[in-house]
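The structures come next, written out as structure tokens.
Both complexes below contain chain A, partnered by chain B and then by chain C.
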Partner chain A sequence: MIVEGTYPLPGTPDVIWNLLMDPEVLVKAMPGTKELVRTAPDRYEGVMRIGIGPITAAEFELVILLTDMKEPHSYAMQIDGKGRAGFTRGTASVELSPDGAGSMMHYSADLQVGGKIAAVGQRLLDSVSKLMTRQGLEALNRELQSRLGGAAV
Partner chain B sequence: MAGRYVGERVLRLEDARLLTGRALFVDDLQLPGLLHVAFLRSDEAHARITRIDATAARSRPGVLAAYTATDLGDYWRPGPLLVPPPPIAGLVFHTATQVPLARDKVRHVGEPLAMVVAESRYLAEDALEDIVVELDPLPAVTDLEAALLEPASLVHEQFGSNLAAHVQQRKGDYAAARAAAHRVIARRFHYDRGAAAAIENRGVVAQWDARVEELTVWDTTQAPIPIRNGLAALLGLRESQVRVIAPFIGGGFGPKIMMYYPEEVLVPWAAMRLGRPVKWIEDRRENFYATTQERAQIHDAELAVSIDGKILGVRDKFLHDTGAYDPYGLTVPINTQCTLLGPYVVPHYDSEFTAVFTNKPIVTPVRGAGRQHGVFVMERLLDFAARELGIDRVEIRRRNYIQPDAFPYDHEILFQDFRPLVYDSGNYPAALEKAVELIGYDGFVKQEQPRLRREGRHVGLGIVSYIEGTGIGPYEGARVTVEPSGSVRLATGVGTQGQGHFTTFAQIVAEVLGVEVGCVQVSTGDTREFTWGTGTFASRGAVVAGSACHAAALKVREKILGLAAPLLGVPPAELVLEAGSVHVRDAPEQGMRLGELARKANPLRGAVTPGTEPGLEATAYFGPDRGNAASGVHAMLVEVDAETAAVRIKRYVVVHDCGTIINPMVVEAQVQGGVAHGIGNAFFEQLSFDENGQLMNASFMDYLLPTALDVPSVEMAHIETPSPLNPLGTKGVGEAGAIPTGAAFAQAIEDALAGSGVEITEIPLSPNRLFELLEAARGAP
Partner chain C sequence: MKPAPFVYYCPASLEEALELLAEHEEAKPLAGGQSLIPAMNFRLAAPAALVDLNRIAALAGDTGMENGGLRLGAMTRHSTLEKSRLVAERAPLLAETMPFIAHPQIRSRGTVGGSLAHADPAAELPAVMVALQATLVLQSAKAERRMPAEQFFSGLFATALEPGELLTAIELPALPARAGCAFEELARRHGDYALVGVAAVLSLDSRGRCEQARIVLLSVGDGPTLAAGAAAALAGLEPSAEAIRGAAEHAAATDIDPPSDIHASAAYRRQLARVLTRRALIRAAELARTASGIAER
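Let's look at the complex of A and B:
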């Protein structure tokens, strides 16, 4: 499964970068995340609960490793989620570039999904992942706006 | 053999029990102290097992046991090679059979890793979450060609490649035929996976009775006797200590002949260890990976034809997906190889296949068992040849048929029963002409289709032939007993999965003994009732078990005549059996009831002639020299919506020849059901795996089965060309309906879309896929 897109955000790449490295913000930017702890400078661990079609409230243990950190321009992630309803793993990347007064975020993820979520949730995976991505980006946007004192996008 | 009952439309004797809910299915069993099982199955298609720990599961309240591979000790061993490869020169075969619980590696999604036994299924399922499993994923092997040419990994490292088997069979000199050909029609064909989707999933219940030291196992198997034998050997018991009962089963279709499934060796083992009865019932999602499936194949085939459409030769080279293990040997691809030849004279044939291990569920026969692939390839090649040569598609078939006087007809290659592929009998032209008449071929092609086309409607006709190799050995047996009540007891070893065995076998015995069909009580699938046999597969029940019933009934008839003749004071030749009595010909008053005779055959005092066997009872066995060749023609009319690519079947005609018909209603029901299966296979059902070996449609939300709205009532006609290979003259019919359906669909859809440029070389189709093909054809220059 490939998820990718671009999204304009207020603030400079530096501001956004700092937010993205803050677990408290990340929890909000990843819908369904119940907890997220930075266990090492480049490692997050947490628990995510999501629903896909007939599978409700599936919990995943999540490990995210940050790699190729080029502050404040880009970084990559290795994502590994496991739970009773299956697994998801893969890589993702985030790039930030100045765009007028704000920034443009380019994101892409190549995720492999297995187990029950792949078997019975397949036809909803795309729409659920798009929905979750949009909700996450909107949450990030709100967070940025409030931190920047309500500056317009 | 036809008579009072054989050939009659006798209502099914088992239906009263089935329709009123009194038939026993495995899941109906409720035993005191019954425990329930759930299996932890792999989410990964291919991975090394680095850790598995069931400690936490064992301490959950209500859990009695949790087993991993290491807990099985010596009981852990790979299953048997069920069907060894036939003796074909140069054959390569690598054996890799399934294991009870994965130990070092998992090789397909759904492979069992651990088993939990608990007071309820709910508790067992909950406890699965307590098991810690660490899997180190390996690249999954899913693409048949890449698996051989550039394997990302090896499913079984010990073989050094993903090749499971390689077989070449040749007849004549194809290269010479090709050189002499007017045209060579070459295409690549794809056939993808489907599920058998029986209405009843698998299930096993086992009970160990320590006082009588007997294990009873209720199993949804198609092969109760081989399961009994296997369990006895595995568990260190005498065969007589194990009773396997295959009660009423909601559809078999092939996967239930596979053995031994991990669950069916683990559940009895757990019942013995725990001293309590244990039940496991497969749920539908498990069924999508844990039960064996149909097969993907890719064919590169060519047909060499003369200018007048005569087949000069066929060359076919195909890849066969055997899944993660190959316990069923080469039955499926050899069926494909043999069935491709169909009812045609093919003077030169060169067929070569490579079976490939993949990280997908195991492939074993499913209704048709590879035959439909062969039929699809051959019928499509003939369609393309007809088009290129400007010959009518019915005519090109007519010109190539083996003629009715050419039997026995030797195709000079080996069939799945290790015997030469020699057709016993047939009348292919008669079936074709009947189908042409029933579907109204000439009228449709000349009038109706042009008229409808002018109205802008896309209607098409498909008409194809096929052979179904059926009724193979080795053997089955039956025991017939006339009881003092006058009722007749018939026991046979084959299991029954809805085919109507309780009726057809009763008809055969009733015919021989002159009793009412309803007097014959049939027992199938209980190893205590009958202890020898192999199982229900390859459309062989009526042929092989039916012939054994016939032979046993004849022996009892001899006993009746021998006993009654002195009592009635006439020679045996002057006696007739009728209405439950034996009496002097033309003098019904000089006779006696069979029940009375049965009492006389079992005296309590006095003396008998030495050597006398008590009772009116006999056991007999039947094994044919080789399989026989049932045949037929399917014809269908479809209408295609050229915008949405939806296909509607307007009519479906089957002309079928299964030799002597025992019960036309049973035959028609088998054909109708087979066609439903075939329609699913051709146009709805496809198991979609992603490149990582994940099955993406493991539920009936996403895996489409045809419904009653999609399956028309099949119009049927029968040709009866008796088989010389058994006393009944009968041939198998169980798979016939499912075999040529894809070929008929493809021809009919192409015909409906004539001029669009769409050429169909793949099955299954779907509205979606057909839409893509239409779009691609529209986009083509």
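Let's look at the complex of A and C:
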């Protein structure tokens, strides 16, 4: 499953870069994430709970490793999630480029989903990933707006 | 394949059910259980409590309304609708759609309200209700509200139902005098989730021109998708083969943004939407002409 897109964000790449490294910001950008802890400069661990329609009890333990960090332009992620309902793993990349007063974020992810959740929900993976991406980006945008607004005061 | 433990309530009246749902926010209403129970058995859903609606007689059955419409209790089984003479007479689109819903075993248990409240993007009934401009009756312990089906579906498995609120009835208005309806769907095997489906209602004015078209597709997005561009393309035109081809093209090319999955790519879904919309409109137009007493040209 491939998720890809471009999304405008307020703030310069430098500002956004720092916020994106903050687990408290990241937790909001990943829908269903209950907790996320930075256990090393390039490693985050957390718990994600997916709730869509009939599926309400799918909980995943999540490990995210950051690689190829080129501050403030781009980085890649290795994502590994395991739970009773199945697993997800894959890679993702984020690129930031200046765009007027703000930035343009280009993101792409290639994720495999397997186990029970894939067997039952295969036909929904595309729609669910689109939904979660949209929710995540909107939440990230809101968080950036409020933080940048706060910083300006 | 056993569910996690849950508390089971079996109210005998609607009032009791609504009180239970208001009291226990974590409780889920149990209708036919054809989606909820498998999800629980897979342990993908683990509601703390179920409020079983199956003993509430007032929620089941179809009745004619004075205005020529039809009122369906939310707990009316698919199989009841499938065999109902009243449904065949007053809502032929609904009658035509019933055999496409899963298998006879599932239809003997599944309910119209359950299917609508579940809001599966591949389900037939949400699309049919939007096409027929149904009004949904939502009740809670405190209040009742009524809502057009079009507003009820808000996303992937998401509806306007608030916690503690229950879909209790569906009201279908009478069809216009010169109207025809058709349902088309393609699935890999009969009874599988549809790759694409379409429900169409077409009404003609006294001169045989398209007065209104309601074209709703399923399994092409997060929920029932109204093809507004296709309907606009047809409005005011005689529903000729050419006009219908143009409308179907609109539906496939601009009205939908279908997903890709292992069963069908987005491009294939668009092609299916084009073909099925055309077939549905051709049949609906034919029926509308017959109803108007216009001979086919």
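Definition applied: the second predicted complex is superposed on the first by the 146 of 153 C-alpha atoms of A that agree within 3 Å, B and C clash if a C-alpha of one lies under 4 Å from a C-alpha of the other, contacts with A are read in each partner's own complex, and residues count from 1 in each chain.
The rule is simple: contacts are C-beta pairs under 8 Å (C-beta built on N, C-alpha and C of every residue); 3 or more make two chains touch, one makes a residue touch a chain.
Please read all numbers here as calculations on a predicted model, not as lab measurements.
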item	value
Which superposed partner A:T39 touches (first chain B, second chain C, both, neither)	neither
Chain B versus chain C as contact partner of A:S146, first or second or both or neither	neither
Partner chain in contact with A:Q112 - chain B first, chain C second, else both or neither	first
Chain B versus chain C as contact partner of A:L131, first or second or both or neither	second
Chain B versus chain C as contact partner of A:S97, first or second or both or neither	neither
Which superposed partner A:T56 touches (first chain B, second chain C, both, neither)	second
Winner by number of chain A residues touched, once chain B and chain C are compared	C
Partner chain(s) touched by A:F87 [first = chain B, second = chain C, both, neither]	first
Residues on chain A lying within both footprints (that of chain B and that of chain C)	54, 84, 116, 120, 122-123
Of chain A, residues touching chain C in the complex	52-58, 84-85, 116-117, 120, 122-128, 130-131
Residue ranges of chain B in contact with chain A within the complex	43-45, 109, 128-129, 137, 285, 288, 688, 690, 692, 694-699, 701-702
Residue numbers on chain C that touch chain A, as the complex places them	4, 35-36, 39, 42-47, 118-122, 155-158, 193, 221-222, 259-263
Chain A residues within the chain B interface of the complex	54, 84, 86-87, 89, 112-116, 118-120, 122-123
